[in-house]
Structures are given as structure tokens and as C-alpha cells.
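Okay, got some structures for you below.
After this come two complexes, each holding subunit A, first together with subunit B and then together with subunit C.
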Partner chain A sequence: MSTPANTGTATNAAPGVGLSAAARELAERHRLRWWEALPWLLAIGFYFAFPRYLGFGTEMLITILFAISLDLALGYAGIVTLGHAAFFGAGAYTVGMLAKHGIWTEPITGLLLAAAVAGLIGLASGLVLLRTTGLTLLMLTICTMGLLEESANMAAEYTGGFDGLDSLPIQPVFGVFEFDVLYSTTQYLYVLAVLVICFVFVRTLVYSPFGHSLTGIRENTLRMHAVGAPVRTRLVVCYTISAALAGIAGALWAQANAYVNLSVLGIDRAATVLIVLVLGGYGRLYGAFVGAVVYMVLAHFLSRLYPSAWQLGLGLMLVVIALFARGGVLGIGAALWHGRGKERGPS
Partner chain B sequence: MISVVEFANMLLGGVAAGMVLFIVSVGLSVTLGLMGFVNLAHGGFAMIGGYIVVLSMNRLGVPFIAALAIGFVLVAAISVVFERLLYTRLYRASELDQVLFTIGLVFVMIASITLIVGPETQPLNLPSWMQGQSNLGFMTYRTYSLVLIGAGVLIMLGLWLGFERTRMGAQIRAAVDNRRMAESLGINITRLFTLTFAFGSGMAALGGGLGAEFLGLDPQYPLKYLVIFLIVVAVGGLGRVTGVFFAALIIGVLDFTLKKYLPQGGTVFIYAMTILLLLWRPQGLFGRAP
Partner chain C sequence: MTALLETRALSKSFGALRATRDVSFRLEPGARHALIGPNGAGKTTFINLLTGVLTPSAGTVLFKGADITRVAQAERVKLGIARTFQINRLFRGLSVLDNVYMSIAERVGAAPNMLTPAGRRRDVIDEAMDLLTRLKLADIAHKTIPELPYGRQRLVELAITLGLKPEVLLLDEPAAGVPSAESHIILDAIDALPKSIGVLIIDHDMDLVFRFAQTITVLVRGAVFAEGTPKEIGANPDVRSVYLGQATHG
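The block that comes next holds the complex of A and B.
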């Protein structure tokens, strides 16, 4: 940075003009790249190529959205949680209970209501949980989820208890496109559209100054305090947004399947989404896509044929990722692409 | 009104359950306090111990007490191999990596047990003198529960003496309180940790064997009881033997009583209590403020 042209800040020059290579890379971080169209092209291609598997595809898209919501809290802000299914379940039960008791059956506003309920729970729990760190935080997220799960189990009159609520009467999207349980064409396109909107929102968020401050908190909380960043407020806001997105994913799940049961709130679901995210690579925006596809395709074909071998393989995969490949599939890909050995941690 | 006999029944049942929780969780508490390692696979070592005990009794005809000793030794040995080869690489890693690694390990353990032994529940056949009821003077009670309480008290006393009266116990206490200071005083933390880890896993195996009768023993064991073991440790405070003991007793009695009188909502109460307690004292009931 010795030449006069390079000492000027990026703000008074057009981005990318008169900057060193590294500065240009920074200034253009948020630019769309050609390969970012790939997941969406593949998703549309899937619709035409596998009309019989659209139910499976819908489940996959919902898992992607759920994993993205977790990525925001865990990958970007570094909040280690094992209780994210609490918000998925809150969203699913919001839609399910409103529909079953005939209060609200319109799907799109249902999503907003679910996001609001899950977001409120995220805000309320985040305000108290995020005072703590480490094992205490981990335990509190698990206990919050357990509390919701047991409450749903107890309030059988409203939630259906252990059996859950089935045959939810969900209205057609825009009053035209009906949800068909056998052929999930409407579900697939509807979920895909919601995923696109949520993804654009999250992508904008993580490249905003707010998103960068989250990364700062993840990397060095003490230093962020020292530079005067409102660390706890940022974390609570991030946790709330993440919870609302997870609530939307849960609401989509309830609408697409027309039922909701206790499985949406369990530790199994919370652990699965964590595994999906880590498999793809956390803190990378596209890790959720890769992880969901890899996990669900493998699970779909292996878990029914060889359940124990599948679990063994999954366990070994997690061990290997934790020990040697912390960036997941995308991390390995990036390391190979850049040809600079092992990549440690998310970018 | 609850009669005295009914009350004693409840208390004894809860205390027996608490003893098993204590024996399994104490190792987890000490290793967490010592290294800050979030070992979610601790329940897996308890399960492996339980299987060694039950299988050596049912298939090889080993007596109960001897089977417990074999379980302790074998699991302690296995855990040393795991610790030296794998765990040690993650001591300085992030909490997330530790959580992922140990969840992965739990899956591997569950799948291996399912593949080798099978998915069905393994029964524990107690020796005849531990079966039936014992006369306590004013009431009779299940002999095995009394055996569990006796074993728990003995182990607690042994651990307490070991912690307070031996050189190694003093080293562990010093390292839990301030690892860097202990290291600069020349305490070999790595060796200390390996020994503690092995001992803690052995204790888990003992708990797995002793508790197999009423916790049940099947491959899902480490996931099923993961949360309750963690709650005991978090409530008791990290690295505190007495803390884990009292926390295990409180939770054992609460769980037992609530399951009896409020079969639907008992667990809610335990979750809510844990949340409130951890918000009030993040370091647990008996832990020291950081």
C-alpha cells in the first residue's frame, strides 16, 4: 500500500478501481458469482427430472432453509446450540394449531405468524441464554427445547400430545394452487420460492456491516467489546432472526406434510440439522445446500437398507470432520480449488 | 396425607436413582472441570461398561461383583486408547468441534453395539441375595435399591477421601481451579488428565453396570440419558465431586417423585428448574464463580 493511488479508501473511489488485489477481493466479496446460480438451476432441473420425488425434494429444500437459519447463529455468530429444533417446532406447531382449530388456514400469512412466534421465543430465550457461554449455554439451549417439547406433549388438548395433529386444512396458495399430499408439485415450488426469498435476505445480511460484526464476535468477543460493539444486542438480534427463519422452515414442514407431531421439537432433529450444516461446511452460506443434499440422499438410500451401517458411517464422518476437515465438504472443495493444503475453519 | 412409609419409599427410590446418576456422571464432571472438554460420549462409556457386565454374566457366567470389576478395568483401558489417540487432538479446538467429535463417537458406539450384540434390551440377572425385599424394621424395601445406595455412599466416601487426602486428588483440585498455575508448579497435566479420564470412564462403566437394572440397557442408552447426565453435571458444578453427588441426589429424588405423582409433566419441572438455576448460578450449585 505504498503508492498514492492505493492509500485512498474504497469509499471515495468506485469499488475495485485503483485498489490492490487483496482490497479488491474484500470490496467485491458480496458480488454475485457465476456459480451462485447453480443451486437454483439444479433445484429447477430437479423439478422436471424427478417428478416422482418432489416430496423428497420438498423435504430437502426445507432442511436447507433450516440449516441456513442455524448457520446464521452457529456459523456466523458462533452461538453453539443443540436446541435449534425449538424454533422449527414452534413454527410448525403455530401453523398446525391455528389450522387444526380452524382459526387461520391461509399459508403465506401463516408463515409470517410462525416466524413471529418463533422469533418471539428466540428473542425471549436469547435475552437470558446469551448471557452465558460454553457448556452452560449448550445446556440451556437443550433445556429450552426440552421444555417446549414436554409442554407440547402435556397440552394434548391443543397440540394433540404424542400423536400430534394430522389432516391440517391448509388453504391453496394465492387461493389457486392446492397442496396435494400425493404429488408435491405445489409444495415443491412454494417451498423453493420461500427459500429463495429467505436466502436473499440472509445473503444480504451476512455481507452487511451487521453480518461482519457477527463474524467479529465469533472470532474474538473480547476485542469486539473493546472496539465498542454492542456484542450482546448483536447476538440477541442474530438469534432472533435465526429463530424466525427456523420457524418459517418448521411452518413449511407442517404445511407441506399437512401434519405436525413431537418429532419437530426433538433433540434428534436438532442434532440432524447440526450434522447437515457441519457436513456441508458452516459459516459459508452454501454449506447448508451441500450438506442437506449429501446427508438426505445418503440417508434416503442407506438408512432403510443398512440402518446400523449408516449410523456407523455418519459417526465416522463426524469424527473425521471434527478432527481433520473443519470446513466440511465445501471446505475440502475450497482447499483443493485454491491448492493451499488444509483449510482450517470457515472462511 | 402421605404416610411415613410412603414417604420413605419415595425417598429411598429417588436416592437409589440418584446414586446411579452420581456414579455415571462424576467422571464427566471432573474431566469437564479439568480440561473443559465437552464429552458427550461419556454415556457411551457407561453403555459399553453395562454391556461388558451383562454379557460376561449372562454368557460367561461371571459373578456380578467380578463382572463389575472387569467392566471398570476394560472400559478404563479402552478410554485411554481413545483419549491418547483422538481426544488429545481436540483439547485446544473449539467447543463445536468437541461436540461434533463426541456426537460422532456416540453414533459409532451405538452402531457398533447394534451390529455386534443386537438392538434388543439386555436383561441384568442379579445374584439371588440382591433380589427380593429386605426388612428395615418399620418397613420392607427392595434389596437391590439398598445395595445401590450402599454402593453409592461407599464410592462417594472413597472419592472424597481420594480427592481431599491424596497427592493426586490435590493435583486435580489445583488443576481444576487454575490449570496454568498448576502447570507452572510442575504438575504434569497431560498425564493427570489421562489418568482422570480413564478413572472417570471406569466409574461410568460401573454406573452403567449397576444401573442396567432400572435404566435398561439397549444401544440407544447414550442418547437417551445424555441430557440427564449433562443436567446433573451442570447443576452440580464442574469438577466438584460433592457437587455432583448432591445434584444427582436432588435430581434423582425429584425425577422419581415427579414420575410417580405427575407422570405427564415431571420432566418439564426438571428442565424449568435447570434453566432457572443456571441463570441464577451459571457455574452450578457448588461450582466456583469464574
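The block that comes next holds the complex of A and C.
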């Protein structure tokens, strides 16, 4: 995979060539750029502009968080997985089961518990799975997810089996803000806040030396061994963090909807988040945002226009992306941006 | 005197193929040593045994007298044994500076840090730029690997390894595929290495080997065939017949 790791766009540095330009680009790569405020402004704008669609918005924000977690593993470290819903589901069921059986209903600590459970599953499976690569790894991630799904199906006494668990009694956020069944106002702001925190964490991580070394593993695993990097440890750590974040996304989903069922663990969800990330552009941090919005908005309108064949439109779009624009929508945007006059300079 | 790197009766078999046979070899501190031999002589296998990519079937590898036969590759790098590859192994999607940052960050222990930006490690960036300046790559530090001509890519290959500040440097055909007009940059870079490093170079290019090496080991079918100064090796009729004759024509 040869996606540019960090699509830092033009620092407004003078187009001076040579020595200092490259060093300055690296030194300033992590700096915030003006356009990074856009997603958050849009998210707040959405809250006021579409008060009746906040349920949809909440789902979108959760999908973004889930896709970011996948981006860390797939886009940055190059861990090929099609089973990331395992961790989403683990988080969702953690919150669901604890709440349904009256053990734990406080939402924020619930998120932390969900992150811990999903992270542990990520750690345990990662220690085994990450000895493999490529297609073998892909299959094993699907198998792990399948095992969890079937376990959730069989352990009906605890998980509700096929029917899942509904009417989860989740306490108000901070003991004050009740989850709103009808308009999802609380859910939306709550999920947005959690997304901001998780995003800041991931953004810090990918611009750190650790994140830099993950891109090294993605670009050339063998060379990373040869420069003395503990490659497998790094991958397992990355996978564990990614799993914990996916667990938080799943927990948010369970809390926001007050139910959990087998769909959180299925291949459909795992494939959808992958499509979202590929559409938006992987290894780009903001690909998750663009992908989630494009996917969900398209799915929303296409399914109204063509209720029986809406997935065809998405499928075609995905084919076009895969064939002509590996960088996704964001990649196309970046190419257009750079194409304007400027040679692919130190950006 | 303890050798920097030493092997004793080192052997490696792949099934029935004995790729390395009973090789006892010493690389002295500050050595400029060359390993030559016809195609399929087992030169790269030998390097892989030295670096820990392969585990020997028999024999031992010693670093400063300590047995490292079972020490993993990454650990050997930490000890100070580093190599370049015959075929470039670069971080292709990243810039030249990022490529070099990668190995320096590992060496100085910056890489496990998750919480401060990579760009804040000015020490790593400055060292990387110094290294690139020495190799005359500073002006293209911002370019990604596919944007560079092959000779420059070969220099990046060397730069990544030099970023590890090795005590033992194993160079697997460092100038292979580099136009002769550019190969002097690579040779100059090797000449400019600190004298204390032990360097082992594998190459087919006899001009390069004879210019560079103080000691030459000739490997034939996995075993040491001859060893000596360039003068001795050049005058050895057996070596000429198995190797030099063909190679100088090729």
C-alpha cells in the first residue's frame, strides 16, 4: 500500500527548496490547520439545522468513530482486517449486558469498561493473529468475529441471543442529561463529545513517533525489522488501541439506541465500516469523516429513490474508487488541491 | 584480540541444499572486508545468518566474543549490527527524510513515544538532515521514493542503515544497479565512515572490492574457498579460475 501517510497539506511555508523545507514540513506536520475545524463546525451546525435528524446524525458520528478506529489499524499500520465489528460488538454487548442485568448503568464509566473489554479481546486475538499477514490475517479476523457472534447467539441467557437486549436502562449523562428517545438530542451531543476526545487521542497518536513507525511497518515490514523495531509488539499495541476505540463506538451505539443485538457483531457492519473508510480514504485521519458522511447520505437518499437496488449505486461508486482513486474522496480532493499550479512540493 | 563479529563452523541447510558449509570467519574492529563469490555461492545466506534473519543449522555467531546465535534480528540491530539490502527495502510512500527518521528514531529510543509529535524530536530531524547532507540527499529530502532515480534510492537505502550508527556494517551489493557516474557518491560515503566500524561488503564489482577492501574472503558453494589481502586473492590462480576470470568479463 502506498498511500501517503500523512497528507499534511501545504504549510504556508515559503516554497524554498531543500534542506529546511523538508525538515520544517516534518517539524510542523502535527500543527492544526484551519480546515480541521470544518468537521466540528459542520457537526455543531447539523445539531441546529436538523433537530429532527439527530438520530441519523448520532449514527453517523458513531460510524465516524468506528471508522477512525479501523483507520488506525488498517490505514496506518496496514493490518488487513475484515472483522473489526468484533470489537464494536464487544463494546456494545459489554454495555448492554451490564445494563440489562442491573450491574452497571452509568454511561461514561460504561464506555471505559467497554473499551477495556474490547481492548482485551483485541490484545488476546492480536497476539495470535498478528503473527500472520495478508489473506490469512484477513480470514482470521473474520473467524474471530464469527466466533464472538456465535457466542453471543448461543449465550442467550446473558445476551438475549438472536433477539438481543432492549430497553437498556442507561443512566443520564453526568446524572443530569437523560437520553432522549424521540429526538436523540442528548445522544448526539454526548457522542460528539466522546468523538472529539477519541479523535484528539488518535490524532496525537498518528503524528507521534509511534504513529510514524506504524506507517513504517505498513510501508515495509521487513525493513522495520532490520532497523531494530519490535514490529509485532507495535502491531499488537496498535491493534489493542484500535479495538478499544471500536469498543467505545459500539458502547455508544448500545447506549444511544438503548438496545443491542447480533447486528453489532456481523460481517455487514464490518464490511460497511471498511467501505466507509475506503470511500473516504484510508490512512488520512479525516477519511473516516468524509467516508461516513458520503456513505450514509448516499445510502439514505439512494434507498429512498431505489428501495430495492440502492446498494448498486454504492457498489458502483466503490468500484470506481478502487480502480481510479485509491485515496478515496479525500485523495481526489488532495490531488485537486495540489494540482493547482503547485508541483508536488514539500507539503 | 576479540573479533567484532565472528562465526565458528557456521552451517545452514535448506533441505538437501547446503547453502553455508562450516564457515569460520572473523570481522575485526575497523576492518574493511569484502566477501566475494560466484552467483549462488551463499553470500546473501551468510549475511542473513549474521543478521539473524535465518537461524543456522549448526555453528555459532559471536559478537565481541558473546554468543548471539539465538539472538533475534531486532536485538542484533540494537547491539550494533546493521545491514543494507541487495534489493532496496525502502518506505516507498514516505519522504526521504521520513525514511531516515525511521531508523534514527528507533536507535535513540524515540519511536515508542505515542504522545508527543514526531516533529518535536528536533534532535532526530537534525541528525537525519545531517546524514542526508553528508550523502548529498538534503536537497531531495522532501521527495518520496518513487520520485527518485535508482542511484538516489540506493543512497537512501544506505542512509537508513547509517542512521542506526552501527558498529558492524554489512553492505549487500551497495552499488548494484547504480550508474557508474553516481557510484562514487556511494563509495565516498563508505570511505567516510568512522574507522572504528567493521564493514563487510558483498559485491560483484571487482573495482569496488579491490579499491575498498583490506581483506577478501572468497565463498564458493557455501564454503570459504580462499581468504587474503586483495593482492593475494588477485594472484591466486584457483580464485582466478573459479571466479575472477568470469566476473571480470561480466
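Just a few scattered comments:
We take it that the second predicted complex is superposed on the first by the 315 of 347 C-alpha atoms of A that agree within 3 Å, B and C clash if a C-alpha of one lies under 4 Å from a C-alpha of the other, contacts with A are read in each partner's own complex, and residues count from 1 in each chain.
Just so it is clear, a residue touches a chain if its C-beta (ideal position, glycine included) is under 8 Å from a C-beta of that chain, and two chains touch if they have at least 3 such contacts.
These numbers were taken from a predicted model, which means no experiment stands behind them.
Residue contacts after overlaying the shared chain place A:L127 against neither subunit B nor subunit C. Residue ranges of subunit A in contact with subunit C, taken from their complex: 1-5, 17-19, 21-23, 25-30, 204-205, 207-213, 215-216, 219-220, 222-231, 344-346.
Per the touch definition, subunit B reaches subunit A in the complex via residues 32, 36, 38, 86, 89-90, 93, 95-101, 103-112, 114-115, 223, 227, 230-231, 234, 238, 264-265, 267-268, 271-272, 274-275, 278-279, 282-283. The part of subunit C that touches subunit A in the complex is made up of residues 51, 73-75, 77-78, 82-83, 85, 89-98, 101-103, 105-107, 110-122, 124-126, 128-129, 133, 138-139, 141-142, 144, 146-147, 160-161, 163-164. Taken in their complex, subunit A has these residues touching subunit B: 74, 80, 82, 128, 131-132, 134-136, 138-140, 142-144, 146-147, 150-151, 153-154, 267, 271, 274-275, 278, 282, 308-309, 311-312, 314-319, 321-323, 326.
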